[in-house]
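One chain, subunit A, appears in both complexes that follow, with subunit B as partner in the first and subunit C in the second.
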Partner chain A sequence: MDFQVVILAGGFSSNLVPLVSKEVPKALLPVANRPVLSYVLDLLESNNLKDLIVVVEGEDAALKVGGWISSACVDRLHVEVAAVAENIGTAGALRAIAHHLTAKDILIVSGDIVSDIPPGAVAATHRRHDAVVTVMLCAQPVSGPSESGGSSGKDKTKKPACEDIVGLDSWKQFLLYIAKGTEIKKDTRVNKSILCAAGKMELRSDLMDSHIYAFKRSVLQEVLDQKPAFRSLKQDVLPYLVRTQLRSDVSSDQNNVEENGNGKDNMQNNEVVLSQILSNASLPSFHQVYESGLDSRKTHKCCVYIADESKIFVRLNSIQAFMDVNRDVIGDANHLSGYSFSAHHNIVHPSAELGSKTTVGPHCMLGEGSQVGDKCSVKRSVIGRHCRIGSNVKIVNSVVMDHATIGDGCSIQGSVICSNAQLQERATLRDCQVEAGYIVCAGGEHKGETFARR
Partner chain B sequence: MGGQKKGGARVSEDAEEQSPQRLQAILLADSFATKFRPVTLERPKVLLPIVNVPMIGYTLAWLEYAGIEEVFVFCCAHAIQIIEYLEKSEWYSHPNLVVRTIESHKSISAGDALRYMYEQQAETSQIQGDFVLVSGDTVSNMPLADLIQEHRERKKKDEKAIMTMAIKQSKSSSLTHQSRLGTDQLFIAVDPLTKQLLHYEEDKIDHPRGSVCLDKSLLESNPSVLVSNDMQDCYIDICSPEVLSLFEDNFDYQHLRRHFVKGVLVDDIMGYKIFTHEIHSSYAARIDNFRSYDTVSKDIIQRWTYPYVPDINFSGNRPLKLGRQGIYRACDAVLSRSADVGASSVIGYGTKIGDGVKILNSVIGNGCSIGSNVVIEGSYIWNNVTIEDGCEIRNAIVCDGVKIRAGAVLEPGVVLSFNVVVGRDFVVPAYSKVSLLQQPTTEDSDEELEYADSSSGTADHLSGLNLQMESKASELGPDGAGYIWEVCEGAHDEEWKHSVAPIPKDKLAEITQAIDDDDTDDESVVPTSGELKSDADSINTDMNDPNDDYCYFEKEVEGTVLRAVEENIKVDLVTLEINGLRLSYNMESADCAGATFYSMMKLAVDTPHNSASELYKNAASIITKWKELLGFYVKKIDEQIEVIMKFEEMCQEPPKELGPLFTQILHLLYDKDVLQEDAILRWAEEKAGADETDKVYLKQCETFIQWLKEASEEEDEDDEDEEDDD
Partner chain C sequence: MESRRNPRAVVDPKVRQVGFFTSSQPDSSSTQQQQQQTDPIPASASSPPVSTISPSGNSLSPVMIPPPRLNSSDTFPLRGAAAGASSAVSPSSFSYSNRRDFPDGSTTASPGRHSRGSFVKSSTPVASSLPGIGMDSMAAAKSSSVPASGLTTVSVATMPPGLAEKASGMEVQSDQKKNSKPLKEKTTKAERRAIQEAQRAAKAAAKADGGKVPPGTSASVASTSVKVAKPAKPSTQKNEVSVAAGVTEKKGGPSEKDRKKDAPHPRMQYDDESRVVKAKRRAVVKQTEAKNRVELFRHLPQYEHGTQLPDLETKFFQLDPMHPAVYKVGLQYLSGDISGGNARCIAMLQAFQEVVKDYSTPPEKNLNRDMTAKISSYVSFLIECRPLSISMGNAIRFVKNRIAKLPITLSESEAKAALQSDIERFINDKIIGADMVIVKHAVTKIRDGDVLLTYGSPTAVEMILLHAHELKKKFRVLVVDSRPKLEGQLLLRRLIKRGISCTYTHINAISYIMHEVTKVFLGASSVLSNGTVYSRVGTACVAMVASAFRVPVLVCCEAYKFHERVQLDSICSNELGDPNAISKVHGREDINYLDGLTNNANLQFLNLMYDATPSDYISMIITDYGMVPPTSVPVIVREYQKEHLLV
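Now for the complex of A and B:
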């Protein structure tokens, strides 16, 4: 397949502070003790997409990510790591790596996805329609985090209704409209000319853009060149392409030229469409019909691939999402993790040591070389490698990263303890985040706090 | 015993529940529109023949077939004629269908008619439950029983579901944005699961472009909304009794769709809901204008409306004989051997057709006589029409009793009303409407109102008619009779849209061109997504884009100023209004100054002018007249500078007519004390550091500024002199 894959792995995302740090860029955040990027790489590999460019914001982060990649999968995949400046947006990042892009079509995947939807299907759809862009859509999570996550799920349940608004044609093949729900002030304005050409448009607010796109390279680069103000693929480039699909001014590549060649004069083009209609071989898309009705009109196609509802799709773009992903991967969506689970639905590494009367419940994970003291209780939590956990510790719904130290009598609920952090005796944390290397004093009771050095 | 009785009682109860209510319909035998004028001045629209049967005949026959048991025919204009027809055609004594007429001459709209029904209802309670609401110009063969059942079941579950409307797929042309029936394109939004109607928008031709606005809450409450453009409203509604009371409550509801449906959709206090029902295989269409008359006629001839086709007896018509190629011929029609009757034509009883006549795609009524070598194409000739030798008729409607003298030509789109006589060799120009009645001179702009007026006045008109006819020379040749109606203003461009004639090719090309032009503008007008925002400033997280707001504000101010100029409103009233706008849009006083000045200059540019000097005169007169208004907002230097900047901006806008006049107008503003010299000088200073491209206007008025500077220095010197004097 002449597809190049670009993974936009981000850098030190600000809304994941304090989980990310100079040592741990977003792409390397552990999900069930594996960097989140590894899920994306596995997903692509399973779809036989092996020619990858990982784009990382910032040199430092790029070095870190590059180091991990070369250690983890250099033998299986052909991966290039490209560093781009920070805060230039997704469109800016693509502009910066333009010289790397050579293939006819480009698949762009966000680096923070944990999912089992097949990107290969997007590529296939893209090719089938000879589209300019194909967007993967998936069902929007109906009610934020599932009931088990007793932690702060309120902000999510409040607004799931209108994340993205997409307009599809009646066969759900083409993308006719896209807007971010939060950006719409009062009215959704649907362009009449597109609506007229398509006849029907189904506006869906229960679908979500999954940040997996296939672009025609020539078109993408042309748009990026022509519109230097475009910063974001999702907010600028994609809506622009969707909006202009009936009066395309992006020049087409060879393939399209050929098409235009045989339809040079309108009459002939008309005949082509007509014969297609008559033979009923395949119904012409409304684009073609529209084109044939008007002289000197060019159109381009924006397609969608709608993922099956049963597929799992999560983006690691907030602390809440981080918690949810960790919980899901060792819980309901455990086929993603690649681990084999014990009879108790948990994973305890053979080298981990458990004290007496310590229980590790289902949907838990205990990393290599970790020690847990006596009379501890671990429920629905992920504990990293080489952690030292004292006695009488309770850990529920939490993530404890590698090399963390937790003193006796601590109680941790719904919290994230980053690597090398230390919790002194009898600290009680609830819905807290502890930065890497931070030391939480003994005996304190904390709720909803963020511990980080300023 | 007791048990038995109980059982019996229950049975009867059940029976009551199960026995379907009488199926009732309200048929509006008046369209409350003027689209069929001048024909409808003399005969009500529902009695106009379509393929030789009055429209209402189709509607009644369909209602009867669909199982309706009682029809209330609401008569308004020409009520007597309708009642006469019903009597004559024996609808009154039909065994299965009870036809009752209700007469009201005061009603001027469908809303009034339904309000009248409601008032009657209070006395007689004729309407017992759900009813079908149709107009008398509907041609359909759709079954209604299922639809009514569906409506009732829905109503049982949801008290608020008061109406179900029938829609049918029909793709409107991508060029004219007009359906096959000649109606405006329709945008509806429906919940794909429940079929609830969420949005209804009929697109007027005036705003063919732009976007459909759906309320955000609509999408929040419905995960999926189907917006369609390829649906056609059949104007067949199943209504619950609440509909009548809603009309009573909202006395301003006139039009069934524009007011009632919109009103119900917008009003969320009552929470009433309207549902849609898409019909697939059956036919339904309403004859709304001449184009739909043509379309429906063709559909009838092509038998889409079976069993309501010319060769089957319904509604008291005399069936014709169907030949090959869709030619229907009466058995006693006399055709010359050399006459050529082409496909899809209808020839009525007692019609005589002479030698060498060519007829194609046309309907010819009863008792017509057509001379030799006549060409009739795509036309509708009603009853008792006389056409003499050598006439040519293309895409025209010719009403009863018309005489077309030898050699006359009807160009496409002509409508000849009753008894008109076209003179020898006269060519009736395309799209003209001809009637023996003079066009009513007092054109009421509200189209809803006209129809009713005319009905009362018709009789008088007719009596005085003959006198007028003889005294006045005819507009249709020396031996003709009839007036060619003037096309009323504004409607001129739309004449071709609603005519029986197909849209001419050059018109289509024109529209295509227009679309192309529009498209390029389109983008700047409709920023569909957040792109504009991120283009302007990506860090800007403000939800309300200030640019956007300013545009709206400017438009509003422009409208206000325009109105003020037109109606000569006092300055302080205008300031009051603009101040109101300023507060509601949260604008600065400087913005007001800019916007006011902008609208004044725009007015000047929009006033027709031939040369730059005329434009200057326009501007000068407007500025002189409204300087007080402007003066109100330009008290501070900053505001004055804003005005100059705005002016500069305007000069840049195409067609750049104002550009050359920059200095002159600036001078004028200075003379009229709108701008102080300080402001102009400060503007010049600010601009001095700008790009070369920005300095065009600064350079233009260099001498003026120089003069100002010198003047002020002199003044200073004068002051000093004075001081010295002291």
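Now for the complex of A and C:
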């Protein structure tokens, strides 16, 4: 279909700091004991996209990600990993791999999404309108563990009310305006010419940009070349394209070339008639109307695809999101996890050992080879592989990664225990994050703390 | 004998279908040609229109077809006679004669069992080896397509066949179909024959177990056919009865049959449930049928609007064999981004040009055959998106004809260039060139002070009006429009921009407005050979009112849209639009009074797309061959149809 897929897997994201480390780049953070990248790869594979480019920030991270992919996806996918310098932003990353992009259109997928929205839909919309960029919008996720009833975290999950503000035309096909909700303080500017041309604009705050884009390659590369200051796709390139859709600089060169080519042709007249017939046949978008109104104006289209509300979409971009994703994949969105659930709606690996009088509730997951002592209680939590958990331990709404050791009598609520971390006896954690390899002393009571070696 | 000759022209291809399906597409068409050349006698007055239809274009051309005759037993002697006669005409082309030539030695003793065994043996390697080959080549293509510099390839797909099979059933199906071909070519003729014999025998055996066929039928069939293939006959017959009873169209060569599996017939009767279910199973586009349909139009497909597009969109990457250009055009048909006969036809042809450009013959395949099959699969996809218009049917027939006629000696690049230029020429000559000529003719009919009425937004009429305006003729235009498409508004906008004075009204006011009209210019989707104009719904109404007011009605239609079909009403062949379009007004929630009634069992929506204007109401048809009365349409069809295909 002449599409190339680029997965922007990021590097060591700063807002996930205690969770990610030198050993675990963001793309390999476990969600239900699988790296988050695997969800993206699965989604793409199920859509028959098997030729992928994964862009990772930093050589080390690239090596790690590459190593994981080669072990996990060999024989299934044709994946190439590109390492780019750190902190050059998404636009910079694309600039760095621009010479590898050859297809007509590029599908750019963020590497940290857990979703079941078919990316084909974006591509199809993109093609149908012959757009310069197509953005997938999806409903704002319900953040925080509110619906799962966890008492923890409620106070700290007050996110900004709206993440993105998007303006759509009346048919909900074109993107007229986009801004990050946090950037807008009191007032904002809306391009008047776009508003006039479209006639009507619907501003919505209940949709958010899902970081799945389809770009026309030529345009994307042109913008990246012309605007070296652009760092981020979402914050620079996309708003730029949306802003300039009625006074397009980007695709103009190409059109001129085409027109010149036509001019040489003897069949020029026919060509004109041909294009006229074709354009007259369809309902003109406001772009065309605008173009025809003012001669020598070039426009380009920025389209949107609005995902169905029943589809699941979560981005792993904060610690809270990490908790939410883990909870959802084991709970509501369990078809994404790829595991088969037991009758109790949980997954306990056959090699896991449970002590006597230990209960594992629904929406839980117990990884391979983990040992749980006597009289423990595990609720709505994910426990990784080869963890050793003592007796009388209570784990609620938490994520415990591989090889963690938890001493007797610990109580863990709404926390993340990274791999190889150790909790000594009777430690009580609530809304805490424990860095990989960290040792929490015995008997301490902690609330909302981050344990990391300075 | 004379009485049998006419039916023969119709029955012949059916007999051919009984034969060997491995025989090539160009073969069958060339034999048909041969038949035309060597046997001018049956080309009596009535038969030429029938015989000019090449088998490759058959399923697309919406031909009026004789009623199903297979149900009655009296066809069998007829078929036998036909077979006999045909073998006399061109002995090499038909299976019956082939079978007669067949060396008796290999099939004498118990043909069924013996050959079945051989079939099993030879078929197992097909299944095991070929998908592997396909995957290998795919993987190779992949690894070579991406430049390796700077990227680290961490994982290369060398998919086991099983995995790929899971990926998409459709792909695998087509793969197997494709893959089985080269192997077939490797086998000798005798082996192939044995395989087929065995397949047929197996089918027949399965059928006999079911006991569905009365023994009498098979016996009578067998007695007319050659003795060797006794069990073969009922199975094929069943095939025909089940697949094509209502379709009742001439069937061409083997690819025709393959395509039958892929595509619903363009004129499938959608009230026949069993066939609809079958068609649905192989459909690419998910089609949820609308619930409340008007009884009279039940035979037409009507789908729940809004379910198709999202579904097709999500499958974007899964339809691997689909060419992106074709896919885009299909999406545009489905979403209504492109409408109008000319535009749809041009868009399709341009997509086909892209297809030809990107085409490369797979190894061990023939360009002519493989490309025809490809185009057929694309066409079936387009049909699923929206039923073909007659103009598109003609264009497809042209493309296929050109492919079939490509000399085998041409190299691939030459053949591709030739095809591309052929398609280009079709667009330029038959569509745009034709419009130019029509404009030239029609402008002579516009005088100063005229009040011209047009309905909808016909391309040809628009060009006429614009040209007349350029010639500084003084006239006024009445644009009549109708809900729900309101295409007239677009036309109106363009006319006003050029400075033509216009009046805009809806079709409800037609009887009032007709008083002041001096001429009516209409477009057409197709002109049928009885002079009936098949066009946008409402055209018949306009034409009728005009003729009642003694206003001349001029229909502008390019000759490539002419068709030899005869249609007396707009019921038997039509298209149903989205019922929501007439029940809702976009953007006006305050007047959507029918909200919530859409699924009421007592309410049925009918949104017809086309209607048929009887020739009585039409004064003149302006085409690229001049201005003719509607009675002369058959002449144009007869004289120029062949030229269409040849260009």
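Structure notes:
Quick note on the criterion: the second predicted complex is superposed on the first by the 408 of 454 C-alpha atoms of A that agree within 3 Å, B and C clash if a C-alpha of one lies under 4 Å from a C-alpha of the other, contacts with A are read in each partner's own complex, and residues count from 1 in each chain.
Simple rule for what comes next: contacts are C-beta pairs under 8 Å (C-beta built on N, C-alpha and C of every residue); 3 or more make two chains touch, one makes a residue touch a chain.
Treat the numbers as computed from the prediction; the structure is a model and nothing was measured.
Aligning the shared subunit A places subunit B and subunit C next to each other free of steric conflict.
Contacts of A:Ile53 after superposition on the shared chain: subunit C is touched, whereas subunit B is not.
In the superposition on chain A, contact of A:His78 is made with subunit C only, not with subunit B. Between the Cα centres of subunit B and subunit C, as seen from that of subunit A, there is an angle of 80°, stated in steps of 10.
In the superposition on chain A, A:Ser377 makes contact with neither subunit B nor subunit C. In the overlay built on the shared chain, the residue A:Ser21 is in contact with neither subunit B nor subunit C.
In the superposed pair of complexes, A:Thr450 makes contact with neither subunit B nor subunit C. When both complexes are overlaid on chain A, the residue A:Ser318 reaches neither subunit B nor subunit C.
Once both complexes are placed on a shared chain A, the shortest Cα to Cα gap between subunit B and subunit C comes to 5 Å. Residue overlap on subunit A between the subunit B contacts of one complex and the subunit C contacts of the other is empty. Residues 1-3, 47-51, 53, 62, 66-67, 69-70, 73-83, 97, 99-100, 102, 104, 118-121, 123-125, 127-130, 170, 267, 270, 273-274, 277-278, 280-284, 292, 305, 308 of subunit A are the ones that touch subunit C when the two sit in their complex. Contact residues of subunit C toward subunit A in the complex are 139, 142-143, 145-148, 150-160, 163, 167-168, 310, 312-318, 320, 322, 324, 327-328, 331-332, 335-340, 342-344, 346-347, 427-428, 431-433, 435, 457, 459, 462-463, 490-491, 494, 497, 587. Contacts from subunit A toward subunit B in the complex involve residues 89, 161-162, 165, 167, 177-181, 183-193, 195-206, 229-232, 235-236, 239-240, 243-244, 247, 290, 293-296. Against subunit A, in their complex, subunit B makes its touches with residues 171-172, 174-175, 177, 185, 187, 189, 192, 203, 208-216, 218-220, 222-230, 512, 515-516, 519, 522-523, 526, 528-531, 533-535, 538, 543-544.
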